[in-house]
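So that you can tell them apart, the chains are marked A, B, C and D in the order they are listed, and the count of residues begins at 1 in each.
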């Protein structure tokens, strides 16, 4: 009820503050007998970790994950999988000046108002560090989906006003390889270069910039998603909107679709022999809240990071006017590190609905 | 788990098919001693009902709601409130030709694939008729919120490419009165006229068009929303994305915010004497997933209605090619009737989080 | 959260007060394509309905169930199944004298204290009438279990100090036929006669008496139940303890088992060729919270009905001393009518865990 | 859904196997600003830990708890409280002979059948070691309840056929002090002596014996519990039945109540000036599922421990006949160590319903 749990059958609960002892996650409901590749889980975390390139925060954290339970001789046993990631680089003093001052567009003021107390160090629970736990859990979900041939792949499709063209998703492995060739994680190399330049220039100004991540789910079977409140795209939307800094979500035709007419927007069915498909995919692979076998696609909008290197007017815990000074080590743009988080959350949703769908028919 | 329930404490479960006996809803968790104004609930349903103007479907349904339980001598008792809306105008024969043919961009194919069976009449459970139950429940949530001074108000902000300018929300009652003066439910009269003309022209073509609804929550107290997965905007997003035909959700700066820089996007705090406020509201009234006392605002994108009056190629349940003919009575544009649905779902989310927040501090 | 919902995947939500418009239930999560036999559901309700014999209350209620949704051409569609039972014999005036006086050992005082308001007519929501909705839902669960060969059978094993001997459960159909031959619903005819005499004598005194119901689940597959909190017997226990007037639950060796030694209590495994079985069944068919393929058995203790025909001292809503007079039409002993309720709740638990177990292995 | 979570608002999720890295728990939903006394939590764990006396298992485990999150400068912050207890004395080789052989009346066979894989070392997830995590979480719940004056106190009321007389609960602190004076944790000293002798004699035979724990909740406010499925005693019952080895639960008059008549069983209300009370307490402090302000009392029956020191016939994973030899270090009787577990689970239920009750009235 306090909302640190996500999912119904494949269900995760995360814990931890950015400057506490550790963060972590319990996965409850992962089926038994699944092979767990710890190196794969760690490699996903490495894509999210700070300090990986010049366009991310320079904080250095190894983010080494450790499995405490639920895996026996390399396989899941059906019992809860607990994973922890110890906090290492806890330079709390960087934050000591912020104790009583509310940083603009951060969660300081709302936490303080809600609970009357907060761990102010580095954002505490509201720090995006919490998402490392999601990435670890999402990696397990991906392993489960891979066992069924389902792939979840995302990349940076926009930085500020720089947009990538449509990209080829026919080979998920090639998609990921191409993406990992550049530090901004955009599959299109020319756009990637432009984006990196932009972020670097923003960073030098002590400023930050927003961006978008586009995600695809390929080879998803027909039938995932529930018809009314738990539509597949509603759960994907909630998953994405629960990620720090996300301000928008659209799937299929999205916001542009609201400007179209039915005669152009309808996806006509055809039987290709192998499969019933649609000629277009404005539905984004989901109709009536249920996957239709076409590739699922959606886009997630991230606001610019709130921590900037310039001084800003604000108030403190007494309500008095105060000035906050830009310090600490932060990302000029979150989207490169957000890619594995988007994938993780999407994988958790799909894994959950995959299991939920087992009860559609007796 | 089959996803016909929404909310944690203020929790609704809906049931019913468009051409069955009745649709309805159970509200579980509404606090006791709340005054229930049945006329108000009915008036909300009247805003959603079909046949209300020339730009909505011409189907006629009274959509008369009846309370079966949970209210005693005009007040809630803390027990479940069951409400039913009998189905009246069930011209099932309009749909008999669709029995085995999958309508493009409808839920026919996915339901059929998921369950191996479906009530094909008028969309069955996937019909937007289900949302009448949500509007009834949402009206109760609104009554609860009104008792605390919180108002939820929405209007049509776009039809196709026609966008309304920013509107004044300082007087929620005036907002609603102005909106109800025109059949498209846009608060700006000039834009409303343009929108109505557009929809009428689209209707004459036998086509449909998408649009957007913008919603505001005024006088929301600080502290609603949970920090991690159940962020207030994540639950609002899921609520909106669970409405038929919705393809996108954004709050505060939304998708545009992803093109901005931190230095322009940050909302600076000021103490106005009465209250801590922000100078701008790119945060949309929510920071770190928790309401900050500023007006909450979000936008919802609806795709064009899939039922059009022209013939379309498709496949049938055997996978054979088929042609579907546009028949039935449908909306050329859903947004005028979607306004009360958006408000209802928003009210349900806020009511739920209002009650959840009671446990933040002992 | 207000607790009118039971189950995780096969999930029911009930509503209704004893003297309101109707009571009812929504089943969410029943798999599609299940044959629904409305006569069977009604016949289960008939076993619970008042006025069926001289040893039950003389109130007459037809308790006719009506399905509003979720069933199409005789089969479930995977959408919510709503069922209502209109209230008919609402002699509210029988209760008018109780408006402000708290009946001893009823829920009047606690409801009043919790909500500050209550529908006092006939117990309102706390009336055992609510269990009719459970019986209707349980009948659907039984139909689902029967499709898998699983049977849930119960009978009255004690009335006051009169205990039935062990009974034969090898033929569930014969068990039920034998049980329905007498009005107390005890499978052993000699004990049944004694019980009926006892209840009739208690009734003539204007008094009431408690009793016990024993329930068996036969042909339950191995593997149902979850290891830790949702042990199969824990969910069965909660289900039974949620029935009005239940004060105790035990399974397998139960309370007597706590007086035994391990060397006599352990159930040794043998392989019979067909199946791994245990030589004894002190485990009651459940080990480590998970069904082991042996018959499941448990016992439920019901207190005597609180409404008696003699005057009793109490207090009223002002806290003043008052006298309550025994009026109304009530059961001298609930167990004959409790048998279908116990079966219904057990069936709901088993159906839910049957579906939950589908996710144990991918 | 896999059932490692308990509670709705004050909600715990446990993890860990007996011979894995660690066991632990996340508490989600504990209100902010609560003082956390780590010594108190540890002292509760010490009452459960093995090796504490001659009548418990001789395994030695320090069971030292560590808080990873959710507590800042000694107070809860409203974020998840993660606690871990590293596993220390993992003599896995004691269990190596059991790898493929199903121990009678253990969970080996059912786990193996359900998941097709299991961590066989020391029972793995089915080990009662999991309850240490519950005791840690329960200690936090107790701290929350103590802040409101509510006390949860239990003691051993039976070992085999040795029953303690009724005990005085008017001073909870004195109750606990008296109980902790003897190693069997029975408040009555004479009975305690008899019980200890009995257990010691059983231990010398290499056998085990069952027993009962009685629990009281004092100073519980009126109004906790939900009317229908989540009756306070139904949730207490489920909590108790989820503890390893529990076979029965009763509250108030319990099983004996089913032999009584209404005229003797009804609890008459009186106004004592301070408070509305009942003259007797057959209701066990709960009426209609809701606390009535009287002391809550219930009893829990534990079967004898399944591990005994004699050889037993069984089958192995191939279904072949096998003999199991009694080895390892186990408890001759679980009830002395079960007392803190019963208290912990009861405290979790009461804490949860305390918070749930905040929404009964707006």
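The rule is simple: a contact is a pair of C-beta atoms (placed from the backbone, for glycine too) under 8 Å apart; a residue touches a chain by one contact, two chains touch by 3 or more.
If you're wondering where the values come from, they're calculated on a predicted model, not measured in any experiment.
Common neighbours of subunit A and subunit D, by the contact definition above: B, C. In the CA-based superposition of subunit B onto subunit C, the rotation angle is 180 degrees, rounded to steps of 5.
The centroid of the Cα atoms in subunit B and the matching centroid in subunit C are 39 Å apart.
The distance from the centre of subunit C to the centre of subunit D, each centre being the mean of the chain's C-alpha atoms, comes to 26 Å. Centre-to-centre spacing of subunit B and subunit D amounts to 46 Å, using the average Cα coordinate of each chain.
Shared interface positions of subunit D, i.e. residues touching 2 or more other chains, are given as 1-5, 8-9, 14, 29, 32-33, 78-79, 114-116, 125, 227, 359-361. The residues of subunit B lying in touch with subunit A in their complex are 1-6, 8-9, 14, 102, 104-107, 109-111, 113-116, 125-126, 130, 158, 160-161, 202, 207-212, 222-223, 225-231, 233-235, 237-239, 241-242, 244, 247-255, 257-263, 265-271, 276, 278, 282-284, 286-293, 301-308, 310, 312-315, 319-321, 356-357, 359-361.
Those residues of subunit B lying in contact with subunit D across their complex are 1, 9, 29, 31-34, 78-79, 144, 147-148, 227, 355, 358-362. By the touch criterion stated above, subunit B contacts subunit C in their complex at residues 1-5, 8-9, 11, 13-17, 20-24, 26, 28-29, 32-33, 66-70, 72, 75-82, 84, 114-119, 124-125.
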